[in-house]
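What follows is a set of structures for review.
One chain, subunit A, appears in both complexes that follow, with subunit B as partner in the first and subunit C in the second.
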Partner chain A sequence: MITVAPEVSNSTSGLKLDLENLMPEQTALEIKNLDLFYGDKQALSNVNMKIPKGQVTAFIGPSGCGKSTLLRCMVTAFIGPSGCGKSTLLRCINRMNDLVDICRIEGEIQLHGENIYDKQVDVAALRRKVGMVFQRPNPFPKSIYENVVYGLRLQGVKEKRHLDEVVEKSLRSAAIWDEVKDRLHDSAFGLSGGQQQRLVIARSIAIEPEVLLLDEPTSALDPISTLVIEELIGDLKDKFTVVIVTHNMQQAARVSDQTAFMYMGELIEYSDTNTLFTTPAKKKTEDYITGRYG
Partner chain B sequence: MNSWFKSGSPWIWLTGGAVSISLISVIGLLALIAWRGLSFFWPSEVVQLEIEKAGVKSAVIGEIYDREQVPTSRILATGVDLGDYNEEFIERLLLKTGNREYVDLDFRWILTTDIKSQSAPKDMAVFERSKNGNFYGYVEKVIENGQEHTSDKVQKLEALVERAVSLNDEALDLQNGPIGHINYALERARLKQRAYELDGELTQERIQEYEQFKVEQKAKYDVLEAELFKLRGEAKRDQVIVKDMRGEMVTIPLYQVLDFTFPNNMSFLAKLGQYFVQLGKFVSDDPREANTEGGVFPAIFGTVFMVMLMAVIVTPFGVVAAIYLHEYAAKNAATKMIRIAVINLAGVPSIVYGVFGLGFFVYMLGGSLDQLFYPEALPGPTFGTPGVMWSALTLAILTLPVVIVSTEEGLSRIPSSIRQGSLALGATKFETLWRIIVPMASPAIMTGLILAVARAAGEVAPLMLVGVVKMAPTLPLDGNFPFMHLDRKFMHLGFHIYDVGFQSPNVEAARPLVYATAFLLVSVIIALNITAIGVRNHLREKFKVLEH
Partner chain C sequence: MEHNLSKHISGKFNQDLENVRNHVLAMGGLVEQQLNSALDAVSSGDSDLAKKVEKDDYKVNAMEVSIDEECTRIIAKRQPAASDLRLVVAIAKTIADLERIGDEVRRIAQVALDSFSKEQQDLLVMIDNMGRLVSKMLHDVLDAFARMDVDAAFKVHKEDAKVNREYEALIRQIMTYMMEDPRSIPKIMALVWSVRSLERIGDRCQNIAEYVIYFVKGKDIRHTSQEDIEKDILKM
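== the complex of A and B ==
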């Protein structure tokens, strides 16, 4: 399917965004010269990219390629082989990497023009703006209702009516309302894996983040749950900038508007999804998506 | 044989055997103390033995407590003439003869060769008395208000004993209740007055007020005292005349009688009823006669109260310390050293904690507290003397390592994905800890608490230095403000066992009580643990995390 030479321009159709020269008001996140080290090992090197607002960006790449690390950045999909730094990149975006003692970061990530690694940034406030869903569903040992309102309770919201409204709205947005509306006060652990993952998404969008980071959200789920969540991602991009890390290239092709390919901690190629999958510019990308390695 | 080894079954036998041996020892231990302790309350037969010794005939009445075989030579060596008895062993009985004030010893060894006949007369009565222990004999006459009854003796006696018991109870309630309150109020007023005096604020007005108060209280006291004497006088009205084993008539005032039974004339059901009555008294009564008779209620209460106080102190301390060590402290050599030190604290002998508690808590802390807050009571100490609070604190330090270690284990078992989930929603570390992590670790905290309670409830050695006494006149909890008296000394089941078993003037009488108290102590600890385990299981169910 990929026979076109990699020299194809990325300004083919008017609908496509020029990812290199994105206007500031179109940009949700901008990553500049990002390097990340775990101790002596460099996990991300010199990543530069702009992630547009209201779009799905996918990161692909092999496990450990830095996709997730970066995500903890946008729906831009990151693809790439394991260990390529996709997830690492993702985790930079809401500073989940702070939890790793030996992690060190150089360069910057700008959210609406402000560097999130600035010393003055309140990390908790940043994470309220940049929500994140992890590979495995991680509901809290509380009721479904309490899981959804957890973020709001942290912000001190007490009014029952407001909480009820948010619960319904979030659960509807996460396409799980009909399944749980009769057992909101049951333990979240009673849900299936796919339901738990949608609950976790509902929990993240209940606090209305600007950016939602999904770190391989379907890797632990069955195909049907995966399909439901993919459809959900399509709906979510109307309200949030979604960044997704995935191993699954079909998934990236299905859900994302832009796709970034990472390999060995480097951003190899980043363009609109269609272009990346049909006419990749780099040899490595082509090799990867045609299944020659990774 | 070789293939048998390879099959692995020897290991199954070895490991299974180890478990069985442990189980058998535990069950055996419990069964022994339960049997020896609980059978004590069964109303045993009272026998009348006709004995002839060196041609002198006499009768002995009592309960058979024990029987044993002794070498004949040992009896001969004590200078006893056994006549033509020439077997190697000779059997003897231990008889509890009661009637302590009329015989030299209320426990007697009797050689079976001396016994001419044995009977269990149906009309043999056992009187349980508040002084001098049991009395065995035949009811001859009942004297009600100076009037003698010889017919319907038993029914009359029952009614009269009931009357005397209720009068005694009333008098005791009066003494512990209203009269106790007055004494307590007077003491507090005196201390307040003394405090004014020390502060130089003792005005004429206050002196008058105090005098006035004293007069008022004295007037109330006089009324109550008159009532008390009246009750006591009433209780002293009746007597019973009993024929004892010497054949002499003994007058027993009924106010000393707590209960009387005819054990030889009881059906099985009646005995069962009596058994539970006795068991109930053991659990709910105060001790009498230097702890060798009566119940152990103050000791049960003291044990449970002290352990709960300790749990209330040790849990927050241990949990907070564990959270710091696990969540906030840098993961370096210093933290490791501290952790090792904490674990090693659990190995320090408990008496060392007792010495520390006495030196630090009682003398230093307590002494300073007295100087600062209770100068009016000096030189009498308030907190500068062993008491229930210092005991609870000492045991809290003793059990702190257990709580810290198990809380830390609980914290480390919580999947990091849950923490990340909370942090990703904008929670700070503290919020994550408080709302998610600590509740999820609560089953582990409860495990720590269970271990702490089990250890603390069984500890005696340190308590002997910091607060336990043989006999505490008041409980640490009563109706006088401020209701909880943490400065008071208390009784403890563990110490009670030691005291009754080894410090008692009447070893034979005390022996079954030692078993009964030991069984009770084990029961109390098991009850505390089962409660805690119930709470823990409930929490576990609530915070069950699916295995990821």
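== the complex of A and C ==
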């Protein structure tokens, strides 16, 4: 189903997806005519896009352009035990109350063809399908082991052998197993920032979500930890669809397959990362990524 | 799409890009001057001028090295993207072609160190004609580079066909000459090399025209037929 765009057929840049005409089986998330208002203020206007399965898609844009709001839209319906701790859960609940009061959403978001805002949808089941990692690592004040199995315990999994297996598998996938395998029952707060962030990623993937949302996952980390996490993102896309919001454009260029540029609540340009960073089609994108914005 | 180089938030970045662009133009100016001096030396048999051209080639080489360093520095420090990135890439390639043009010019200048008989002088005049055509091409492509003018660059791109025709005609003439007077072959071979060098300079000007189009349009038009370029890329 992967098509070779005519303009690259004689170059070596390889295959790229036709993002506008993605087949249903290639699509993880589809956003249709999405508008979002906080009270009177419109935070997202008419966003339409398809996010392909098993790839990394990055969102870039200035602060307040709607990237995180869009990400939150994908999450709000899903947020739950999957990686949410007490405090985070509380925040989510608060936000959901906010949403009920002043937030209005129009349009739809489909996860593998299913509208997540449909009233018939079993929210609890959906919540397990999308994991989210935030800007600052937020491990729970528990041991490393308990952090990883948190979601599973909430789901009622009790069998120790199964939990042990998941812990090892998740920590391995998050590229942190070798560093923590001898101190699984120590507090997660003893880890460095980069390690904590990888632990949080391990916690999110322990319940095997379909989509992993990363909101500025490395903005609080040093360059080396950042590279480790970027490397990890590359590995994760074999198993999950990864969506990442980042202020670091070089990071978007390094880790993502697709990049979406947002500005003032609108999706300005969405194309494969190679094209977007070498020959963007829109003037606004060009100005933003070359540092001419403002 | 506009290509205003002085609109970055970072003033230092603007300065860096502007500087490197100016240095390319200076290098181009020097190469053009070298080519014209070499042609003058050949047509007037001025061996001193020819020696000066040979000697001054080191300046062209030094400029290539220093501009290359500037490009590397910009990439390392600024991580240019989109048109900035294309500019740096286009510059790095342009200066490589300019340096090679410099080498070809040296080869042409060497012709002036030989003396030629009266009949052979006719060939020199023809070489001079072809040389001026190539020199104009170089001038025009540098001009297109300075203004980042796609249409002017494409005009130069088409001009190369003329140089190639001239080259073939001249080579045929020289061959006839060699057949008539085989003893002259060793000396005439130097002329063949210089004609060949002129033809190569035409090709390199064509390359530079391609980099200009690449920078402005973001399309790599190497190995694309001129009809396709006109149809698909210039209309964008």
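Keep this in mind: the second predicted complex is superposed on the first by the 248 of 294 C-alpha atoms of A that agree within 3 Å, B and C clash if a C-alpha of one lies under 4 Å from a C-alpha of the other, contacts with A are read in each partner's own complex, and residues count from 1 in each chain.
Just so we're on the same page, a contact is a pair of C-beta atoms (placed from the backbone, for glycine too) under 8 Å apart; a residue touches a chain by one contact, two chains touch by 3 or more.
Keep in mind that what you see is a predicted model, and the values were worked out from it rather than measured.
When both complexes are superposed on subunit A, subunit B and subunit C fit side by side without a clash.
By the touch criterion stated above, A:Met249 is placed in contact with subunit C alone, subunit B being left untouched.
Contact with subunit C, but none with subunit B, is seen for A:Gly291 once the two complexes are overlaid on the shared chain.
In the superposition on chain A, contact is made by A:Phe189 with subunit B only, not with subunit C.
In the superposed model, A:Pro141 makes contact with subunit B only, not with subunit C. Between subunit B and subunit C, B contacts the larger number of subunit A residues. In the superposition on chain A, A:Thr278 makes contact with subunit C only, while subunit B stays out of contact range.
Nowhere in the superposition do the C-alpha atoms of subunit B and subunit C come closer than 31 Å.
Listing the residues of subunit C that touch subunit A in their complex gives 1-2, 7-10, 13, 79-86, 218-220, 223. Subunit B meets subunit A in the complex at residues 331, 415, 417-428, 431, 435-436, 439-440, 542-546, 548. Within the complex formed with subunit B, the residues of subunit A that make contact are 94, 96, 99, 101, 124-125, 127-128, 131-132, 134, 136, 138-141, 150-151, 153-155, 187, 189, 200, 203-204, 207. The touching residues of subunit A, counted against subunit C in their complex, run 7, 10-11, 249-250, 253, 277-280, 283, 285-287, 289-294.
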